[in-house]
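Both complexes below contain chain A, partnered by chain B and then by chain C.
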Partner chain A sequence: MRGDGFGATLRAEWTKLRTVRRWVLTLLCSGMLIVVIGLLVSSSSGTDANQYQNFAVGPDGQPVVDDFQFAHQTMSGDGTITARVGKLEDSGTDASAGLIVKDGLTSGSRYVALRVTPKDGVHLESDYVTDIRGGDRTAPVWLRLTRQGPVITGYASADGSNWTKVGQVTAARLPRDVEVGMFVNSAPKVIVKRSAGNTAVTEQGTLSTATFDNVRLDAAAAGAWEDDPVHRPMDRPKDTSGESGSAGPPLPEMKAAGVVERDGMFTITGGGQIKPNPPDDDVVSIALFGVLPGLMALAAVGVLFVTSEYRKGMIRATFAANPRRGRTLAAKAIVIGSAAFVMTLLGGGVALLAAQPVLQEQGFAPPAYPEYSLTDPPVLRALLLTSLFVAILTVFAMALGTVLRHSATAITTVVVLIVVPVILSSILPLSVGRWVMQLTPAGGLATWRAKPPTTTLADPWSMIGPAAGLTVVSVYAAVTLAVAWWLVRRRDA
Partner chain B sequence: MQPSIEVGAVRKRYRSVIAVDGLTFSVRPGEVTGFVGPNGAGKSTTMRVIMGLDAPDEGQALVNGMPYRSLRQPLTQVGALLDAAAVHPGRSARDHLLWLAHSNGIAKRRVGEVLEMTGIASAARRRAGGFSLGMRQRLGIAAALLGDPAVLLLDEPVNGLDPEGIVWIRGLLRSLAAEGRVVLVSSHLMSELEGTADHLIAVGRGRLIADMKVSELLAAASKGRVEVRTTQRAEAMTLLANAGGTVAATGEDQLSVEGLPGERVSAVLTGGGVPFAELRQHRASLEEAYMELTREGVEFSASGR
Partner chain C sequence: MSGPEPGLGRRSWRRHGGGPVGGALHAEWTKLRTVPSTGWLVLGIVALTVGLGLAMTGTLSRDGCESPCLEDTVRLSLFGVRLSQAAVVVLAVLAVGNEYATGMVHTSVMALPRRAWALAGKFAVVAVTVLVAATVAVGVSLLVGRWVLPGRGFTAANGHPPLSLADEPTRRAAIGTVLYLVLIGLLSAGVAVLVRDTAGAITGVLVLLYVAPLVATLVSNARWERWLHRYTPMDAGLAVQVTRHLHPSDIGPWAGLGVLAVYAAVAVVAALVVFEVRDA
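Entry: the complex of A and B
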């Protein structure tokens, strides 16, 4: 069956693509466009995130937030702390109460924490990176944190006698003397206002209160509990309200943060969060910005790859050579999709490498923006998914060309479906804007972000995640391909 | 199995226009079959139906006993020139043939062979967009010959060829037929097929008008007419009409006589004392024969005749 299979059809379509010089040039140009525009946009972007830091610097030099109210004492070497979280107030944002072992009281230092949340179960976390979720329990709950050598193990229990292990972490770099104790915090409320393309983001501190009883520390020497906030150092006078990340003064009716102990019952009130805190701006999406013009060129080749055959009647030669028309369509999709994937991958990879020094010059430098490399999983994921998005979009363009059989109409449609949603969703209110991104192929631009989605940026592609973006463009491509497949088999050539 | 084309009761309409209206014929191997009819008679539509490109509303077309769409590696069984312009202008002749070869697993060396065979090897690396119509025809024929198929369909292959090209394609068609292939050649100009076609399928308004050997057609069109030259035209006409012939003046000193054999014409004129010269049997040209055939089949015939 040599020469009759799908391989032969693929080979024929690949030969068609590579033998029209204009198409090959356009493909190469799209790669260059990705690099050149990426550099241009990188060199015209800027940030002062390092001059006016609103983050603490974590143990690996990364930006973090590390704020909580802490009832603590020093523990030397091995030991176990046990406590029952009686009540935990749901502050409306992410509140947590739990046990923590920490390298001193400086915000941003190493730690291992076992915390319970009102809605998100129990977590064992360490050093802003590790997060082990252990069950759906919420207060009242017994918690236990045990340090034995480098290993710290977290347990949870409903009654204080039957314990289940939440998980364990190896904290080899924690010093011998650590601060151990109970903590409470509550994430600030983020308020995003958007009008006509301007996005205003304000943060308002919140507080949560939790009670701890049956507190027991089994260690070499147990002393008295001290009360301190762990807080990012700020230029202004020390904040006693426990607010964090807030620009404004505390609201007058707010209760005070702190620790109150009565008959072995600790009532702790605090605000803040413990987690990575990178700025929302994403250097990867800035470096990959050239993909936007690049994909227009690639989509145009995708359309022409099929409409040129209809214009010249060459489609008859194609279907005479292979009467199984669905296969020809599939071969065209694979060939043009692969070409678009490779060009985006190459262009994007070069753009990321070349843009890094330019971006650092513009302020996108450590600690706010750690240096990235192509092998960092989020960067690699962004590059691969962006290439996949462009490939799927190009296949969509090809399928649309097959349905419409008219170059200009098909190319215009693809461009409009990308550009108009981007403009609309950066003007429209947030919820509407997000829907626009979730319903149009432009949503696929979400793939070029290495950071999680956020609502705090004006960039429409930051509003949804890469999975949602890839899904919407895939649905467009799949539906259009199905229509094209049906038409191609049914229509006279 | 012998190669063949069979068209069975094919009907095809495009919106309100019936392009092919119940056409049935078959094409035999070993001879050049002319497929003739005026523009718009349905020749190209029929060819597209045979090639599986257009689906007939009724009936079916079979190539080598199978519908085209179920052929495997179809280019090795059927070669077609449907539209010489159907080449991407940015692609070289060689690359155009190359993707066709790849699509049917035809050896790459075949590309060079057909380029030589059609006389465009020297232009093989030039972009087809710069080709003259004649060169595009040659490229289209090269594409048809690529898979060395036993069945060939050529739609108006003579279009745009220079005189040398016309001589070449006639020889090519004859030799392809002599090799036992099925060769179906369409044309709206009968003269193009003169001396080339062995068999004729004539269509008009989507219907079959004639399906016969060229020799039979010519004989029928000649109708035993006799032509005669004489200086005394009027006398000769009277004499011959009286003898029972149907006489027409075809020139200043020329007559055409129907209904009387040559010897009788000679005897009548001699007996009447009318001098004459060049008494000969009329041989109709293919063009003439075809005009007779298609008179009622012409869709856009000139009025006033």
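Entry: the complex of A and C
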């Protein structure tokens, strides 16, 4: 083998891995564990999000929130609305005021809106998907929305004479007759309380007030302004976990939502938001839950891949054959890491495919939970990053086995470092829990979520993002590998 | 099944004067005591229980707690066993598994041909060792809780008298937690005999203990969730720590510990039977 270089070392380590029957079986078992436990958890999960909708259904069937106070009239065909937003109260959450063209007054219908915010500049948005940011202007500001054929263009101006184009969108599916006007809203305040493992999320409605003057509508027929709230119909008893948006009770000292017109100046008070509103819990992480027991089996193989060589004295032959011990360590890391990656990728892929129909049957169905496919970028990302996380964790286990040279301690340490932080951070206060996830390899579990992080769930893996999770587990692996590398070169085999 | 060789066995009993059981016990105690990891693991059991308990009670705040605040401070003080049980698993598995790994088991079986007795002795020694470590760990944890909690705002004035064993639920939680760790030790030792592989036994027991509660947090089907809480070893066993909010649908404290005892008994009996009939 002398002189054959790294390729030969790699091949030697691969041969060792594949010829120990118990390890190969464990590797295969881990793949099966990922699928079986994933299916088991999927079939025992359930949701009533579609029976008790706390969202409006958007134009493409997706869950959205679409609440605001609306001073409006009907516009037929082309036209332009111009107004100056004089004052916009910062409600502390996300407030906005602006102009909107909308398909009727139903919450969830198509729209194009040009809005100004207290802190986040001017935005041109359409149909809950498109969002064009146009500069840092804030009130007072002039806004203009022009419809010409299928194209709707938004402009902003400081003085009402020099206009800057914010952007334009093609709204071909907006009907000829639309409601046009001014709107104000303010996002509800989300209060998360957590004690002894229970997470209670309440939403408290907030209101914001804005003034509009120099209002001008250039259209075929301009009529009188009407005042209506747009919000999701309240067709069910309020649940205890709180309501969202304009439905929430106004704060005691606050004015009520509505529109007041005096001498051409409109003062509009409203609450709510216009944006996509998918539920926070993530079906992808449910389908991939089997990765948790699976990675324990993989980590055990990772540890044994080294410790059994020490135990059986094989390590002396290995180091005699290849005196460059660092290379052997690197080869082991690559072989076991790749094996773990492939097993998780296969197991996770099968689990995701097999769990989809099961999850739908349990209520995770459209509109609240659109059907996913393996080729959706967030799902594919979750699968790949989860596989990468398990691979890095297995390398960490291998390195820890090298450092400790003791299977039992190394395996237990890895398992405990994954499981105990999860148990802890689901009970500890939110900020402490997030730190626990950010400082232990358990944080890597964040990779199996396809949705962005949130604070509203009890699941600890939803507290941080996948990048933070992968970083922490990589640091553990890198440091342990470095120590292992230093130790194998220094100490007797 | 090897035939009994009374001569050898009897001599070893005579030397220690304790009959068959005494001899086996003495031998097993010597073996456990002389494994270098045992001391560290016993220390670990105490340190992890107390350390994590302190971390829990030390970060506790009354802000997140509704009034009247009914935080289960006993359970939180004893929270550390969720971590330290891993050390118990390792200790128990190593006590058995090391003999298989080193081939010592052949010697043991030859010295004491009444295998079930020898194994029973080993289980007894493991149980007593864990019992002592757990008693210290639980005692210190409660003392730490008693010392830390008033500083976090949990005083007698607002319904949290200092932790005391005179209080019946607290006493139940303390005794139950010690027994919980002993049963975890017996379960692990039994599994180790059945599997005859240290790494496999440890991974298996840890997965059994830790994965079920995590599945339970994710599962939203109430029937499944209740089933998992009632019949998986860790969740059921730790029901004995609950001193407040006893939910009618949850398993009772002693009943929960009983579930874990069934797991442990099955593992121990299976191990004794298998050990008797199988080649070492």
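The rule we apply is simple: the second predicted complex is superposed on the first by the 472 of 493 C-alpha atoms of A that agree within 3 Å, B and C clash if a C-alpha of one lies under 4 Å from a C-alpha of the other, contacts with A are read in each partner's own complex, and residues count from 1 in each chain.
As a convention for this text, a residue touches a chain if its C-beta (ideal position, glycine included) is under 8 Å from a C-beta of that chain, and two chains touch if they have at least 3 such contacts.
Fair warning: this is a prediction, and the values are worked out from it, not measured in the lab.
When both complexes are superposed on chain A, chain B and chain C fit side by side without a clash. By the touch criterion defined above, A:D492 lies against chain B but remains apart from chain C after alignment on the C-alpha atoms of chain A.
In the superposition on chain A, contact is made by A:K16 with chain B only, not with chain C.
Between chain B and chain C, an angle of 50 degrees opens at the CA centre of chain A in the superposed model, to the nearest 10. Which of chain B and chain C touches more residues of chain A is settled by the count: it is C. In the superposed model, A:D459 lies in contact with chain C only, and not with chain B. In the superposition on chain A, A:R316 makes contact with chain B only, while chain C stays out of contact range.
Once the two complexes are laid over each other on the shared chain, residue contacts for A:L292 go to chain C alone; chain B is not touched.
With the two structures overlaid on their shared chain A, chain B and chain C come no closer than 12 Å at the level of C-alpha atoms. Across the interface of their complex, chain A is touched by residues 48, 51-55, 68-75, 78, 80, 82-83, 85-92, 95-96, 98-100, 102-106, 143 of chain B. Chain A meets chain B in the complex at residues 1-4, 8-9, 11-13, 15-16, 19-23, 308-309, 312-314, 316-324, 492-493.
Against chain C, in their complex, chain A makes its touches with residues 37, 40-41, 44-47, 193-197, 286, 289, 292-293, 296-297, 300, 303-304, 307, 311, 362, 406-409, 411-412, 415-416, 419-420, 422-424, 426-429, 432, 458-459. By the touch criterion stated above, chain C contacts chain A in their complex at residues 37, 52, 55-56, 59, 61, 64-66, 71-72, 76, 79, 82-83, 86-87, 89-90, 93-94, 97, 101, 198-200, 202-203, 206-207, 210-211, 213-215, 217-221, 224-225.
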